[in-house]
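I've put the structures underneath this note.
Both complexes shown next keep subunit A, but they swap its partner, so subunit B is in the first and subunit C is in the second.
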Partner chain A sequence: MNRPNIRFRQVGRPLTRTDAPGKVTGRTPYAGDYVMPGMLHMGVVRADIASARLVRLDVSKARALAGVACVLTAADLPERTASTDIPGQVGQKRLDTGQQILVRERVRYFGEPLALIAAETRDIADHAMELVEIELEPIPGVYDPLEAMKPGAPVVTAPDNIVAERRIRKGDVEAGFAAADLVVENTFRTPFQEHAFLEPEVGLAWVDENDVVNIRVSTQVIEHFRPIADAIGVPHNKVRIRGALVGGGFGGKEDLTVEVYLALLTKRTGRPVRLEYTREDSFVGHGKRHPFILTYRTGVTKEGKITALDVTMVADSGAYVFLSPYVLLYALVAAPGPYRVDNLNVFARAVATNNMFTSAFRGFGALQACAAYEQQMDEVAQAVGLDRLELRRRNFLKTGEPMSTGFVPPSAIWTDQCAERAWAALGEPAPAEGPRCVGRGIACYQQSYGRLTFLHDTSEAWVGVEMDGTVVVRSGVTDIGAGQVSALGQIAVEVLGVTLDNVVVYNSDSAVTPLAGTTTATRALYMTGNAVKQAAEGVRARLVDRAARAFGVEPDAVDLGDNLAFVVDDPEKSMPLVELVRTCGAEGIHRSELAMFRAPFTDFLDPETGQGQAHPDYAYGAHAVEVAVDVDTGEVEVLKSVAAHDVGQCINPAAVEGQIQGGAQNGQGYALSEEMLYEEGRLITPSFSEYLMPTAMDMPKVECIILESRSGVGPYGAKGIGEPAMTPVAPAIANAVADAIGVRVFEMPITPERVVRALKRRDEAARSGPVA
Partner chain B sequence: MYVPFELEMPGDLAGALGALAAGTGAKTMAMAGGTNLIVDMRAKRERPDRVVGLGRVGALRGMECGEEWISIGGGTTVTDLLQSKEIAEAAPSLVESSRLFAGLMVRNTATVAGNIACGSPAADLVPPLLALDADVTLASVAGTRTLPLDEYFLGYKRDVRRPDELITRVSWPRLPQSSDQSFINAFYKLARRKGDAITVTGVAVTLVVAGGVCTKARVALGAVAPVVFRARDAESVLEGRALTPARIDEAARAAAASSCPIDDVRASAAYRLHTVEALTRRLIAQAWRRSTDQ
Partner chain C sequence: MSTERTIMLRVNGRDEPGRFPAHRTLLEALRQIGHTEVKSGCEKGDCGACAVLVDGMAVDSCLTLAWTAEGAEITTVSGLGDLDALHPVQQAFSDGGAAQCGYCTPGIIIAAKAIIDRHPDPTEEDIRIGLSGNLCRCTGYTKVFEAVSEAAAIMRAGSDGR
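Up next, the complex of A and B:
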């Protein structure tokens, strides 16, 4: 299954990314840098109660303010909604779960938009916002998903609060538990998380000479032009999204953000309109990571073989559906982790509340499952008295074995190697001193790459060679900072035998670059990388064919490299690529190719058993950490952080490392310090003075161990690393903390305060004597 | 985003004091680094009509490190503190506090006077300055007065400063360091993360030790009461005695007993009480150990 070692010229090298120079020198314009003459500035007026009826909304004073060009409320709009379902390049019918564009009557979450204002300056818009008179009558809301499932609980949206329900029924769980020597049950809680991109949501919209609404916007998904068109009531070809390099996405720019508001106001005023979210807007302007409550019941033999697993999951889906059904599906599929569990029950529900709506976030449900199953593996190991790594070894899913849904991942499964390597790299333990206890933890994972296969995902790319031998790539793909565009360039030049400085990639324009689908789901490299490779290979085949004729050899005797076409066994026979391209041009040989890559298309999983194929393939790896815990204050310091991932094949190892470093930080914040506190649905931590991501002072050096099985379904056997980099980090930290202090904190984030409480629990238990 | 205001940028202290004095009727506020004021204005917690920028007032800068006294201008920035060798030797707690203060950009502009005048219970420079027995000098067009920092705060965000006064200097007596006397001066900032976070519990401790006896003790606590304050009960348990674990314990409990923290988004009152006791115990024990090691 592994591909043989091949010699690459461009792929696999830590080349300077094509997007790097512009970013480093500040030449790169982000969406927020674009301005137009005569443009208006927008503000969004929001509800400050999470569950309420809109009694009165009086915008007359705001409208009357000098310099205000337009104020829109629901009363000014037809009854349309903005789609919240499956963004991107898919033909499947969207669910009818859209969100009201502006509150008509019912406010369902804190921050829900009530009115849009466009004015000559941002200051005037701000002033006008203060002049809007709002009367909200509170309605009893529900803020806890467990409460929301009880009979009589306030209903967020009819008919009931259950947004989605999914199951896996596999093997015979009763028999499995009967065969177990021990049953271990625990409940874990995971928190909300904010994407906290450097660049808040921002966009600029205008209507062009063809009556097309153009929107320059920071987004992960340019295919939103379709739901935007539907929301404002124009044909799909009358909306054009022009992206820009994105200052961070992480799933938070996967759904619509500012686009519909911009489109409405530019249509209404006929003038360019700009909207930039403040950080406070951003905190309530896009969906958060779903908090989960996960109960794991594991049957295990004395020898450490898992005989049965029963899992229930409840996810807080917040006030609108958004991607909850799919996040839940990912969690369901990931429930047992990278382990072979033949007797498996999983019951997962996503439940509506009047909390902030939740949607995509790096890891997408599979990460929350990992937070639970990897903590549970440590608890099981302790219960059966086995080394933590040994218990895992005895249960790892192996290459060629069926996973939770019965599907056999097509690629190699190297969890064991990754775990061994990461664990070994921790080296000598740091000494425990005084109040500092030291502990270690590891977590392994399974994370899909590529979208759900029932979505029938496709991606397009166009590759062409210019007359001077330089290369152009066109593809709609958005680059959210991970080097997506540069990787496409690297693949194209590998195939065409030139170097990275010879390629320009045009991306992210829904009207003129072939649609590539979303940059989400760790799919950009897999899908669009394959599309670019296919397109470049199409061009290459024609060039090579022509060269072979010139050399008088068979086409497979010819290679392209170093800007030359040459005969492999007789490199004396060569010609500059420029010459070959000119010849092709003169003879009318097609120097470009438009290709479509199609992921495997499947039906939906069996609704009763959850069996079938959910994703194209899966990535595997491990993260190990060492922590010091101050037992007086509960402070946790991460001393060492080691990641080992099988990425299949690195296209650019430097970019891969970048993802791993970022994932380590993202996961560490999730585990330890990032906390969104809500009071009756009202966010009381709406800024970076309360919402604390790890800083450079909090991060240890992250060690990256990159393994390459070359077995993935991406280009050259690549898998993916965007989401996987983060998935195992938090449970590894949780396990290390438990290892250090001998007691587990079952709820993340593991704040100093929670650690102190757990220590008190431990000490009280010790005082009241040994437990049976 | 901001309510409009007038900005004045006087070139010297007299000009600044004059501008503040002239502000009758209109709400006038001084602005040093602006790292509190701008944030408060953006959030509309403060709505000054006039802002007097202190950036050009040279008299507010400068440090004098004499034999007996150390005196720093109110406009000394946190970065200035970090770059001074003299301060590093004379007031390690202030340097530790500066090291963990905000991030680099804020440290480069945030001032000592601004930290005191903002009146936050979590102001990080205040516990060290209280533990150093610092005085503040206030100036207005009517004259200057100097008072102990300990008498400066009246309650939550309330102080003795009149709106037309500026904090021009902060001074403290040098701690004794000789063959028969030594001092230990330390600070612990407990926060929800290491870099750039608001303090949950801050403890500053000074011990002067001579002949195996603690001759002077200062324990100043941050973020555990409406104001930063000195835990006098804890100090008196320690002063005039050789310290034993039991005595240190008693002092730590006294420190917690004199605290009256609140629950907020960063921590519960119970956690603050727990940690103020644990950290007071730790800092005194460490200080005592170090002084007896010397």
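Up next, the complex of A and C:
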């Protein structure tokens, strides 16, 4: 083994990301920027009723329109489904939860695709869509998960609409409640959320000279080539996904989007086809964040020690299963948050309805749990008369202690430091003025990074050194905007002793870059960062070995840096990297390496008790905010927003800050303004003028406090920050609003209407009963 | 189908012909003639991803009909600078980590340029108002605000001959 770097040369520096210059000049091609000669343009015809029987679908007029190349309905397709189960894994049995590709008989949600049209121009495709004659017979649907569990409810998923059920049974909850001085019970509701990436789903597909279906597509998961091949009935090696830099993902491009439609039509027509979702397509065409109803019953002593916790969760899975069982599992595991709770019951169910199907979204169930447990901690603190931070301090899970599943996270747990730092950074409070009340809130969290360990996750990467000393990295990883690719480059050049401008990373091609797995689950840096590091270290070992022979020293005396190989204790003894590489080339010493990193492989959690290992490791931190609430209008303004996270080790601090600041925005919208309104399953807010995410007028500057415990299981002790950045934001805001107005809004988003209703409730309570 | 007409669009200082029907938006027209640096995010004027300068004004090209832009000076993000010679706004966004997924970036940089043209020393309020028509889902805007301030400072310094 050669000696590790004594100091970091590239890692930990806020370098300009390798993808930045292309993006600021408009040079970077996104999937929608590719065109081909003879290309057809597609449209998707959708159902406008959420629960219905398809009585008649007549596409003859559309087919007859001049310039229409192909119209497909379910009648033209064999009986196949598109997989909705965990994407990107190998060797795992898939759940039999596929979705019909086009509606054959039963419409289960608003916007479910009925027909696909390919035409010479987009105008003609649009015109042809209007010529499709559709007759739908409404069937009673169910739009509330609690209703859907009742006997006699319309059945969306047989037999009883319950698509997943999970439990934790730990310790003795009854004894825990008996030992409590107080029991606090509350129910919290969290809403649907739209990912709202700025780049709508888009792709271009063609059949090449080897009869391979190529799809250039905006996706988080190039491993979808397998389910696509299954859905269209070709061998796996006959579908190739060529990714592109992704214009935002957040989990919304984790499932299949346009790929199967493109593959079907390019196969059928033999011509290149392009499909770009409109914004409205995007709103109704991909799964949303699961709404949850969470009931928390906490037993606590006068001293503020939690003695028991009983949690019930119901998640709205919508009309298809997709990732609901896994989202539910994350919520289950996260139920008590970053607190030590030895007596714990959790009962979680995901329930089918005729709402839009729900699936992956940044935070993946653990975020919804946080929204509840952190509001509950404030309520408990108030009930026992303790400072909110003090109550948390008395219950924080500490390094080396077992979490909800009995698993002991391998890394450091620095929740306490993060909370103290974030709270202190709020500084002097803003003055209350007129109708504006000011309040503060904090929320802490535990969020996994890396996939569920029973999935047996792996990632591959290839690293090579060119004859002039420049570095090439090949990895299938998709870059969804967080700088995944640039970070991998930074790791490779750290190991090989060159600078970031000396590396090119080729990524996101399922045929020619080694498969790295998905860019989801805050796993890209952890998994592929480790794979790149491993591959680069393989190359480094051979280079260092050869240099050591040249210098007449042991390999562990040699280091690589500043494009040189040199003897650490005698830097006069050095040779340019390019010379060393040429020597290796001339002698046939292998200058590249393909590595596979494997996450811990475990069995599934015990189905009765929920005990065992669920994830490789967890991240911890806190978010604090100060808000002003206008008690006349109910409007909430976020005045200060401070995040403190232990990220283990920053690879690129600027990119880490970017994740944190974006998470703050994503969480703020979730807490306050982003609302998907449905009427009988029909989305009535399918645009950015109705679905309101925070703008430049709404966002405070977000302050980042980055702690580095170097204890994570990622490269150089890194943890992950993609999902954690968002997880605690919404409950921090909810707690601040409650602090400001003295009453809690139990349902997000905390819109002006809900604030005003809560204030009325507060004032009526004050009038009706003297509180002694 | 409406009548088509060949028009000349002046984009980034070059005359570029294109044949478009009356209902073709400037966004679609620009992309059709190869200006894929102009991004489509909503086609309704809600998101600002398609912003370009038309005679110095930042406009949503999805709300502008191509025919009406004939004779105007159109500037896209690529017209400001290129990889070997970044414009100060592009440089500040690149160095400052203000582009993440980058899809909103061409529109935001155009909006930023318009802010600085109007307010060489913009206040935070000027920047916020100037960016209020541009949605970004990745950055939380913090680094965008910083990049606009930084770019303005660089451009002020440049105009002083330093």
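The working rule: the second predicted complex is superposed on the first by the 763 of 772 C-alpha atoms of A that agree within 3 Å, B and C clash if a C-alpha of one lies under 4 Å from a C-alpha of the other, contacts with A are read in each partner's own complex, and residues count from 1 in each chain.
Everything that follows uses one rule, which is that contacts are C-beta pairs under 8 Å (C-beta built on N, C-alpha and C of every residue); 3 or more make two chains touch, one makes a residue touch a chain.
Treat the numbers as computed from the prediction; the structure is a model and nothing was measured.
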Contacts of A:22 with subunit B and subunit C, given as first, second, both or neither: second
Comparing the two partners subunit B and subunit C, which touches a greater set of residues in subunit A: C
First (subunit B), second (subunit C), both or neither touched by A:43: neither
Subunit B versus subunit C as contact partner of A:635, first or second or both or neither: first
Subunit B versus subunit C as contact partner of A:123, first or second or both or neither: both
Partner chain in contact with A:697 - subunit B first, subunit C second, else both or neither: both
Touching partner for A:689 - first (subunit B), second (subunit C), both, neither: both
Touching partner for A:435 - first (subunit B), second (subunit C), both, neither: first
Which of subunit B and subunit C A:285 touches, first, second, both or neither: neither
Subunit C-contacting residues of subunit A that also contact subunit B: 123, 278, 689, 695-697
In the complex with subunit A, residue positions of subunit C that touch it: 1, 21, 36-44, 46-47, 49, 76-78, 80-83, 86, 90-91, 93-97, 99-106, 109, 127-129, 131-132, 134-145
Subunit B to subunit A touching residues, read off their complex: 1, 103, 190, 192-198, 200-201, 265-268, 271, 274-275, 278-279, 282
Subunit A residues touching subunit B - in the complex, by the definition given at the top: 122-123, 126, 278, 435, 632-635, 637, 672-673, 677, 684-685, 689-690, 692, 694-698, 751-753, 756
For the subunit A and subunit C complex, residues of the former touching the latter: 14, 16-17, 19-30, 32-33, 123, 195-200, 245-250, 276, 278-279, 480-483, 654-655, 657-658, 660-666, 687-689, 693, 695-697, 699, 701-702
